[in-house]
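So, here's a batch of structures to check.
First chain A sits with chain B, and in the next complex the same chain sits with chain C.
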Partner chain A sequence: MYSTEYLFQQLFNGIVFGSMYALLALGMTVIYGILRLIHFAHGALITIGGFIFYIFFTIFGLPFIAVIGIVIALGGLLGVVLDVIAYRKVVGGPEVSMLITSLGFYIFIENLMKLIATPQPYPFRPPVFLDRVHSDWFITFRTVDLFIIVTSVAIMLLFNLFVKRTKIGMAMIATAESGETARMVGININRIINLAFIIASAIAAITGFMWGAKYGQISYDMGFMAGVKAFVAIVIGGVGSIPGAMLGGMILGMLEMFSVAFLPPGYAGYRDGIVFFVLILILIIRPSGILGEKEVK
Partner chain B sequence: MESSCYATEREYQLLRVEGIDVYYGIIPAVRELSLRVERGQIVTLVGANGAGKTTTLKAIMGVLFPRQGTIIHNDDDITRLSANRRVRRGIVLIPEGRHVFSKLSVRDNLTLGAYHRTDREGIRRDKEWIYSLFPVLKERESQMAGTLSGGEQQMLALGRGLMGHPDLLLLDEPSLGLAPIILGEIYEVIREINKSGITILLVEQNISMAMKISEYAYIMETGKVRTEGKSEDVMRRENIMKAYLGD
Partner chain C sequence: MQSFKDNLQRLNRPLTFLLAVPVLFLLLWLAKATLSQYVILIITFIGIYIVASVSLNITNGYAGLFSLGHAGFMAIGAYTSTLLTFPVKLREVFALAYLPPMLGGPEFQWPFLPALLVGGIFAAVVAAIVGIPVLRLRGHYLAVASLGLMILINAVAMNFRNITRGSIGINSIPKYTNIWWSYGWVVLTIYVVWRLTNSSFGRAMMAIREDETSAQVQGINLLKYKLLSFTLGAFFAGIAGGLYAHLSGAIMPWVFSFNLTFQIVIMVVVGGQGTIFGPVLGAVILIVLRYVLKPLEEGLTVYGLVELIYATLLIFIMLRKPEGLLGVRRKLSS
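Right after this comes the complex of A and B.
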């Protein structure tokens, strides 16, 4: 009843969306690991990344590579600002204070963007060479889909190398395990926190570009769903686990695409509903997620 | 206090803690505590659970900060210095309960011990030294630290601390939860570390072990120093107390 092409097409779409969720979940997990903070404001970086690209590419007409560089740089910079002005004072306090701070920061950014950019969505086009449609192969896709997959895999591999091979990457893992012990070996934790925000935010900002390119538009509130879905991906994969975050992102992407594919037409609008239904199921059946460690009481 | 000979002793003193009060929130854990550690010594801090020993070590390390009092290391006031600056100065704490980085390999744990150092040659030499102290760590170099046995983790924690090239090693209950054979081995190494020129401040609940190895001892009780003196004298006094008063 479903052709092989159709299934492969959905699989491919699932990987594309899964890659984006995985990138976001990766950043959120890095921050969670170190601060024990569910960083809801992460979604704001996606919105901002999308708009930065729009401003420098569509309006100013700078070359693509340069604009990607700007998106990464400004995203990272905003991460540091966020860390220093919003979180520095509440770190070490109750987790609830940090959670409220992150929600507050998200709401602030969303409303600021609404003021500046107006509630109207903007049409978002990637550069021409990424916008080409390939339909003469087995499945139909745009070059930007490949860009999303390749970039995501590259970022994840690089991050893995960074954590395994560099001293500062190891220090990040060590800080995530125990901040106090990390300080005892002479690690400057504040610098590690800074770095975590830079990495996570830069990745989120570039995901903002992918998100815009995939949906064909950007708007002041695009980061909300993205942030929430990244959180769902983390819960699926296991909170705190980096491989879990990537796996959770992929599973979420597949889940979404296949639920749309197999539901009768007209039910596609329930896509997000299905995602949250699965979240609830996982919270009931396996609260620690697929790769998460069991809570030690 | 024997303040008469204070000035002449001063240059031998590596660490001087003067009248510190340390609180957890509003609860005092250490009150008006003073102690001195002379260069090259092993000094021990003993006392019952909750006497404030660990708190004292954490304050010296800079993980906790005292409300009052000063901490002097090598004649500099370090009371307000952050922990990572103190590591740079040569103060290293090996925490109780081992606390190795369980998701990193043995090798990477040692690498992180030398986090602040840039002298490649020195780091390599220290690593070799640690492998000679604990050959089992060399065997398990690529293994995740979390998969080591308790004794091996204690060795790794010691090794990681030594990688920081300390002049003052703060040791928190290295005997905790270890089998007697391994305990002897660890204490043998502690002695060897001390012979190599590293001053040691040792916290222990295992009084007899600690007294045997140390030259000077402080006995803590409910956040204060109850008595101090040369380890053998303190030990004798304590035994007499026990004999007359019970535990």
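Right after this comes the complex of A and C.
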């Protein structure tokens, strides 16, 4: 049987991956709430975030904090660009055209990255102080794992404060609940959409750094699965619910780690398959997710 | 341009169809007699992509759903038909299992057509299993669920080594597919879609696309028609997959991945969703572009160039002419 250490080790790994999924799901669920758009291009921001970090930290050698600032700033900027050039024109049209456009932008960015960065993955090293291994405790981990958990919790808390305490945050939730009503009470919808893209993209970009640090490499297509799985996390937690997205992300991270850790070795290749199998199961058993309300149109 | 569209509309008439088919085959015969083998191969490939894009159009264009699982269904068709037609004497060398008694026993090798059909039917059955729960829901759950299904099918093809040989794939598949097989299915697929759009089934699908609630109020069974369109699309995708396997002679799991799905989606969107000849045009444009740009991509070693151009084309169409090249702009009243 498995030892307690092994169990806790896997639980810890699950939390680390779950934190990253939760962050991605958070941004995606806000955008889905407002635009009813499955934001495929969200995944591309992860890739870009990872590469921005690589360029400024590994190549230019700037200090860590400054690089994180640059990642967040450029991520947010890209969010604005995406919103303005990609979605502004198709918002209000059939929902499916937004979906197609989003897919188009994902593929565009992915292949641009492939063209610029070549298809080979790059080794990705976080700064030395985050790379230290702690093995003398109950479980083995690197400082960067703690960094991921702490940063994720902080971002989620800040985001919750933002939507509960600030006026614009409340306006964002109102828009997500009903765009028409929000417009009637004088909320500038375009500004809200813009802000949602900035926040979601900045978070995705910083998740890109975490992703690279956790896997030890970055590549042009790293964001695709991450982005799609983030949407699975949303469905698990409940579409339209912000706590649901975080919970869904955590569950997904655990599920993935546990399926690798506890299934017989030959089945580890089904890791991604299991995630989507669960998605289909959830859609059969409880399509509104764990915390979601039934979607009414 | 307008008169061109009118002409295309006139193609909807049965007589035109009856005349167009012999003309098409005459042209293909001429092409086969004059052009090089390489060009004929490309033309044959285009036919397979036409089958795939025209069938995706049933789901995405006419029924207004958004499926991203087409490559998965093609994989099912490709693997199923390959496993049925694979030569008996090569099975041992390739470590492929012999057919169970139910499917004809270890000494039996299926002929091409029934194997193709079984592949298509199997794809349709899988589509139905996933479609029944997912299509009950509103919103674009199908997009993610079908993408998930595709990834799941890929994982099975990668890891079920006893049957699919995993990532090595299967080669030495008998090359039954030729230009006649390919375009025979093109004609059949287009014929089915054309008959469909002029039937009550097709009109029910389009009513659902335009407005689900109003379609439901008029007594249209949403699930039934969505499911029919999804499974019918999957059936022809399975056929396209089988044709592909028996043309290229080798299949690997990664062939049927997201890139393939995406290409077919672009063909449909660029040509015009919900039009009969839009996806045909889309398939021709994309595949010709691919073969024209391939030397450039390899010469400059800029991999990803073709996909980048595909994506640009898609974005351009979505922002400038969302109804596609052959589509007619519909006025939305809200």
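Keep in mind that, in the parts below, the second predicted complex is superposed on the first by the 293 of 297 C-alpha atoms of A that agree within 3 Å, B and C clash if a C-alpha of one lies under 4 Å from a C-alpha of the other, contacts with A are read in each partner's own complex, and residues count from 1 in each chain.
Criterion: contacts are C-beta pairs under 8 Å (C-beta built on N, C-alpha and C of every residue); 3 or more make two chains touch, one makes a residue touch a chain.
Computed from a prediction, not measured in an experiment: that's the story for all the values here.
Of the two partner chains placed by superposition, only chain C is touched by A:L283; chain B is not. In the overlay built on the shared chain, the residue A:A230 is in contact with neither chain B nor chain C. When the two complexes are overlaid on their common chain A, residue A:A174 makes contact with chain B while staying clear of chain C. Of the two partner chains placed by superposition, A:I193 touches none, neither chain B nor chain C. With both complexes superposed, C is the one of chain B and chain C in contact with more chain A residues.
On chain A, the positions that touch chain C within their shared complex are 36, 38, 86, 89-90, 93-97, 99-101, 103-105, 107-108, 110-112, 114-115, 118-119, 220, 224, 228, 231-232, 235, 239, 266-267, 269-273, 275-277, 279-280, 283-284, 287, 295, 297. Residue ranges on chain B touching chain A, taken from their complex, read 61-63, 82-84, 87-88, 92-95, 99, 101-104, 108, 111-113, 115-116, 160-161, 164. On the chain A side of its complex with chain B, the touching residues are 167, 170-171, 173-174, 177-178, 180-181, 183-189. Chain C makes touch with chain A in their complex at residues 60, 64, 66, 68, 130, 133-134, 136-141, 143-145, 147-149, 151-152, 154-156, 158-159, 212-213, 258, 262, 265, 269, 302-305, 307-308, 310-312, 314-315, 318-319, 322, 332.
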